[in-house]
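There are structures below to look over.
Look for subunit A in each of the two complexes below; its partner is subunit B in the first and subunit C in the second.
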Partner chain A sequence: MATASAIPIQRNTLLSQVRGNLGPLLVFVALVALPFVIGALDGHTVSEVLVNGSGYSMFIQGLMVEVFILAVYAISYDLVLGITGLLSFGHAMFFAVGAYLTGVLLKTFKMPFVPAGWHLSVTYAGLALVVLSSLLGALARWLPPWRATVDRLSTPLVVIGLAAVIWGLFRSTVGMVIIAGVIQALLFGIVLPRVKGITFALVTLGIASVFAIMLGTRELAGYTGADVGLQGIPRPDFLNPATQRLRFYFLGLAFAVAVYLIYKRFVNSPTGRVCVAIRENENRALMLGYNTFLFKLAALTLASVTAALAGCMHAVFKPLVSPEIAGMGHTVDALLIILIGGMGTLSGAMIGAALYRLLDYYLFRWFGASAGFMLGAIYVSFVLFVPYGIVGTWRLRNLQWKQGWRKRLQALRGGGG
Partner chain B sequence: MENLLEIQDIHTYIGQFHILQGVTVEVPRGSIVALLGRNGAGKTTTLKSVLGLRPPSQGKIIFDGAEIQGRRTFHIAGLGIGFVPENRAIFRALSVGENLQIAERTKGDLNRKSEMIFSLFPDLKRLIQLPGTHLSGGQQQMLAVARALVADNRLLLIDEPSEGLAPVIIEQMMEAIHKLSAETTVLLVEQNFLVASQLAERYVIIEEGRSVRSGKMADLVNDAATIQRYLGAA
Partner chain C sequence: MDNLAVTLRKNRTRILTLIVLLLLFIAAVRGLSTKDWIITTLRGFSVGAVTFLVAAGFSIILGLMDVLNLAHGTLFMIGAYVGWSVYVRPDTFVDLLTPLLLIAAGFLLQPLWDRILQRARLPHRVAQTWPWVGLGLGAAVLVLVMSRAPLAMWDWQSYTDSPIVWTQNFEAGNVGAMAQAARFEGLSPVIGLAGLVLAGAVISASLAGVNRRRGGPAMSGDALHIPWGSVAIAAALAAGGLLVFLANDGLTAWLLRIDTTWLFLIAIVAATLSGAGLGALMESTLIRPLYDRGIYQIMMTFGLSFVGIEIVRAIWGRQGFTMPRPSLFAGAGEGCPATDLAGWLAHKCSTIQLTIGGETTRIRTYNEVFLILVGLAVLIGVWLLIQRTRLGMVIRAGVQDSEMVQALGINVRQVFTLVFALGVAIAALGGVLAGPSSGLSNAMGEHLLLGALVALAVGGLTSYPGAAVGSVLVGLLQQFIIKYGQVGIKIPFLEQPFKPTPPLVPASTVLLMIIILVIMPHGLLGKKE
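The block that comes next holds the complex of A and B.
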């Protein structure tokens, strides 16, 4: 019975994948159809929506783009707080660095948004080199005489390819945002092994506050616009939210979906499991021989880069980058979103972001000034009555429901036999 | 017999309190050694000092010929020292299987070891998919021991394995520890003298932060005066 005693490994067939992720898949399909459905309700054909001819559809697309950006920002906070258990009060800085860097590079330094011209060619060549050498490495397994040569060549080729990609990234706004994301995570990494719990929260709050104050100084007003905010950012033509709204919508959707999938993969990977273990009991993870600092830094870096990219998108989409996005309030936004959606669930951050933004918009539209009070009441009742958030509570109920049925079935079987 | 672990006159402070004031323990390779003593004598602190969770300020800890005092916890654990803490500290958000997977150091070796683990703890096989929150105290203790086994540890530090468990489970646990001593060396902290005396070959008595007596368990069992004096129970 050697095989029976082995740890059962779940088989991931395509069908089981689809069945297991039916909910997210349906949401995705609905979101793809949304601009056209809204357009149709407003009396416009598909082709009219495609050339951004339907005003109301464009408006809803804009609202949803904000939801996507917020969702990506919130899910990155969920990775830090909900999965790894690091209470950071400086998360808004991750987002704001992306947004301001994008604005300043596009406006003041006139840097292209994505690599352009021959920089683009170099980036693509580097990417191709990495892919090719990996492919070659895989193929060489079946060609023994070539194997040694390929093995010797593949590492330098990958390094050259990666160097070319990074070089290309340095010459574009998006690339600089990614690099800044890594750097700010490393900045938090300096304090990471030294302080824990609430002290980490306060230190991160301190770092983020310094950044927020810096944004507001008159000395830097030429770049950041100080307390007025950063205005008049030149947008890349292919992503102009005014003329290319539908493209922006689908890019935002693709971005949110990609981030969700990458995060899900990360959390289910061995590295992600160690992050969960650190949240549960860091000493215990240490005792198992894991250098927990590296795992926390990995989660923080991934979260920081994603949040910075969300900020980058925010800067391109919004007419104005306000200094408010660097403040404590914006971190609290992320906290509220994952509390509503369910901490540590990932999908909860997505659902929470949609609820948060849409509630905010519609309540203010319908009730005006009293909406703030209603929002507050809704959040408090969420914390009181849905303590695990929407997704967390749903999962709990679902489990209890399943267990109840299993017991009933067992009782039936026991009675019959 | 060669010693796998030697604790030489260590002193450990917790805050400003001088908890260990000279503890010396020798653990021969392949044996089970029990740390005995009253509550608060410093038994658990000794284990934590070995692991670097409470690094000693003085003295040496030698594991397999190398000094390990002052090294960081994950490094010490990586040398092959497993700790089964008193509070078990399993990861509640992870399933039994995931708890085992995460403890595994040489990856992909779980299936080979699972047979041994399931023969020690048949219960765990049934519970493999269950989240840690749903385990009973005894099951948690089994998982905690199993997790230390998965990692190919050369030395196991086990803190109070019998605490808070039903007698039937204690027996099962004792049997498991006895079986696994064939493969690893064990340093055991145990309040229950009956359990300790049946498991261990050697003992060290700690009193007020000092190791005061040590020797063969067989001799201690017949030494009613010593038992009465240091352990307060027969």
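The block that comes next holds the complex of A and C.
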């Protein structure tokens, strides 16, 4: 009884929301300020950074953009493995399809990157509708008189907006990447009900390997560049990483934050809870009447589309799309990231990606050839000493500390009782 | 009759798949001339034999302890490199033997430390920290002594001293003349040897301390009882190490004098034993804490494979090199090519000439005869071990339900270590055997691991006969595709024959795996759980 009353009743106010997410908010603010701080440390003013005049700041921005792309890619793998519990070894294919499709469409088929003309207007209108109606839905809490009306209206409005966005995007590279993401998730969906566990991992590994081998064949070299990789992708002017680095940085940041928020919402939604239930015990979820296949497919589709979009960004940012991103090694990258960060903890994937990319870069800079050895040793010691990843272990410790304090307080208050 | 019908109906997918595979094989055979398909089949079996050596250990480890050992390919590669070192540089091998035996002697005292630690009641804080201090001290002593220990090595950074040049010297028979005896530098040999034993003992005691700190299971009953057996073995090892040290020059000269076939045999034994030692060490220190954290084992073994590749690069360099064939398979002079097996053994030919259907062809004795024979021998040997011994019984029971085995009072931990050592030893054996046929490189492990994974998935992940069948299937498929890449497949309505390109070789095996897994999720011979 005492413990039940000890838990404070949470009021869902803006202030409590801010207080509850203080850490992520601080990180967000720090990331917004980062290019300017680095520029200032390098002796450049804000306006110089704004016109991409600070070399070192630009370099750090580039590194951080890679971190954002990697973070989005890793978080999508976390949704598949950490949340839904599907061990897939073919995740690199999701990313590589996005990257290669972007490259081929821009280079060979000269398709516009984002919709042009009135397609663009439709897309913007749809986007505005989605944002407005979700905002309205969020604000409805504080508008008691119209709450029911707004609640009833907001969902169809979001759907209409989304439909408009998709229709508008259709004749553009980004739209094709999204469609490709859905299609490849459906491809995995074909084998999904047949094979489970480690066999699913092997089949997905197989599908991804066949794709990776296809990328390397000489017959398709005109499109993919075979072993060398895809070079000379024409970048859209407004997003050229050479001239518009700061814009790219903020786009990457916004993309990562948006994906993180959407994923958090997904995991806390009824659909996401069923996914967690499937991870914990699929047979029980099945017995409770959930069609687990559909839920797994939903998670897979969301992850696939996200990873494909991350790949699309990778293709625009990097001067060379190498076939290595389709290999098993790239899937293992994602696996290592979420194991470092903490499996099934979304934010762990973001932290893990930052640590992974920066560690990789600085180790190679400081230790040169022996960096691989250091990396391997770090993984091994991570497994031994940070058993549940950074976020997972931290949460566990935090809980233990809190429980320890509560016990001590109770002992103080209650004396012997 | 009824039983037969039921069995047929239950296994109809499996039987149908096997029939389709057989038909495909016959179709592939009919497209080639007699000589070609026999050679291709033999090559397929040869590749299959090497793949099997990796797949077998992988499958037993996966079946018994659910560990997906991604470092298996790296261990295969390490086996190859160790075999090369023993084979091409026997002097280095003899030099290394002393420290290895002495350190191992220190390590074998572990049961003694366990007992002593159980008796000793250390204060909590001391018990928490001393193992780490001990590990550091032991490592420091080891580095100090080993940096001055007598060790004649190669140096990949200078071309004239690189493994490539040493291999050429070996083929020319110059190693004996070039090998220089090494001595302790600036360190009394007595102190050096004692330091090695001490380092081994301190490290093993610290590891025991770490285990106790983690709350390893307390041993029951007579804690004071001194394990005389392990003490005696440790003393024997130490004595052996001293003996090797004293007889160093003589032993080196003898190894350089004997026939390369015998030297190769010694290399095989040394590589296999080092694989077993490495496997046991890896399981008992790194894998054991992770048995209940499935996915983290993948991270651990993957990290270890990184570390292994980097160690190989640091010692043997990044450049690949070859391993000369032993004399039994290298002859080309009088009486060669031989016409039958007896002729080969008499003249030690590298090839055997066969006349099939009026055409003559040559098969290589090492690749197409020896490798297949060794593969078969290991297949039968391990099968006998699994089916006919008590250890095998425990392994089979453990694959089915390891908790139950534990409940029946069998020390599963020990069996796990043994099986891990066995699996890695077979992989290391595969590595040293693959050396002369395909050369040594940093990437050989990864390539073979993928092949072995595909073979296992095709045959049934934890099924031992499945590993054999899958390996042979993968080997055959690869070789037939390569052969058809030269000959071309005639497809109706097409002017030119279709020639599979090299990327199709891995793609075809992977496709085979996907198709078989989608039809039969448990593989060809795997059992349903």
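As a convention for this text, the second predicted complex is superposed on the first by the 358 of 417 C-alpha atoms of A that agree within 3 Å, B and C clash if a C-alpha of one lies under 4 Å from a C-alpha of the other, contacts with A are read in each partner's own complex, and residues count from 1 in each chain.
One rule holds for everything that comes next: contacts are C-beta pairs under 8 Å (C-beta built on N, C-alpha and C of every residue); 3 or more make two chains touch, one makes a residue touch a chain.
Worth saying up front: this structure is predicted, and the values here are computed from it rather than measured.
Applying the stated contact rule after C-alpha superposition, one finds that A:Leu169 touches neither subunit B nor subunit C. By the touch criterion stated above, A:Tyr379 is placed in contact with subunit C alone, subunit B being left untouched. Using the contact criterion defined above for the overlaid structures, shared-chain residue A:Val321 touches neither subunit B nor subunit C, since it reaches no partner.
Once the two complexes are laid over each other on the shared chain, residue contacts for A:Asn283 go to subunit B alone; subunit C is not touched. Judged by the number of subunit A residues each one touches, C leads among subunit B and subunit C. When the shared chain is aligned, no partner comes close enough to touch A:Cys275: not subunit B, not subunit C.
Once the two complexes are laid over each other on the shared chain, residue contacts for A:Val72 go to neither subunit B nor subunit C. Using the contact criterion defined above for the overlaid structures, shared-chain residue A:Val49 touches neither subunit B nor subunit C, since it reaches no partner.
Subunit A residues in contact with subunit B (one complex) as well as with subunit C (other complex) do not exist. Contact residues of subunit B toward subunit A in the complex are 51, 53, 72-75, 77-78, 82-83, 85, 89, 91-94, 97-98, 100-103, 105, 107, 110-111, 114-115, 118, 125, 128-129, 147, 151.
Interface residues of subunit A facing subunit C in the complex, by the touch rule stated above, are 81, 87, 191, 194-196, 198-199, 202-203, 205-207, 209-210, 213-214, 216-219, 328, 332, 335-336, 339, 343, 369-370, 372-373, 375-380, 382-384, 387.
Across the complex, subunit A is touched by residues 68, 286, 289-290, 293, 295-296, 298-300, 302-311, 313-314, 450, 453-454, 457, 461, 501, 503-504, 506-507, 510-511, 513-514, 517-518, 521-522 of subunit C.
Per the touch definition, subunit A reaches subunit B in the complex via residues 2, 5-8, 270, 273-274, 276-277, 279-281, 283-284, 286-292, 344.
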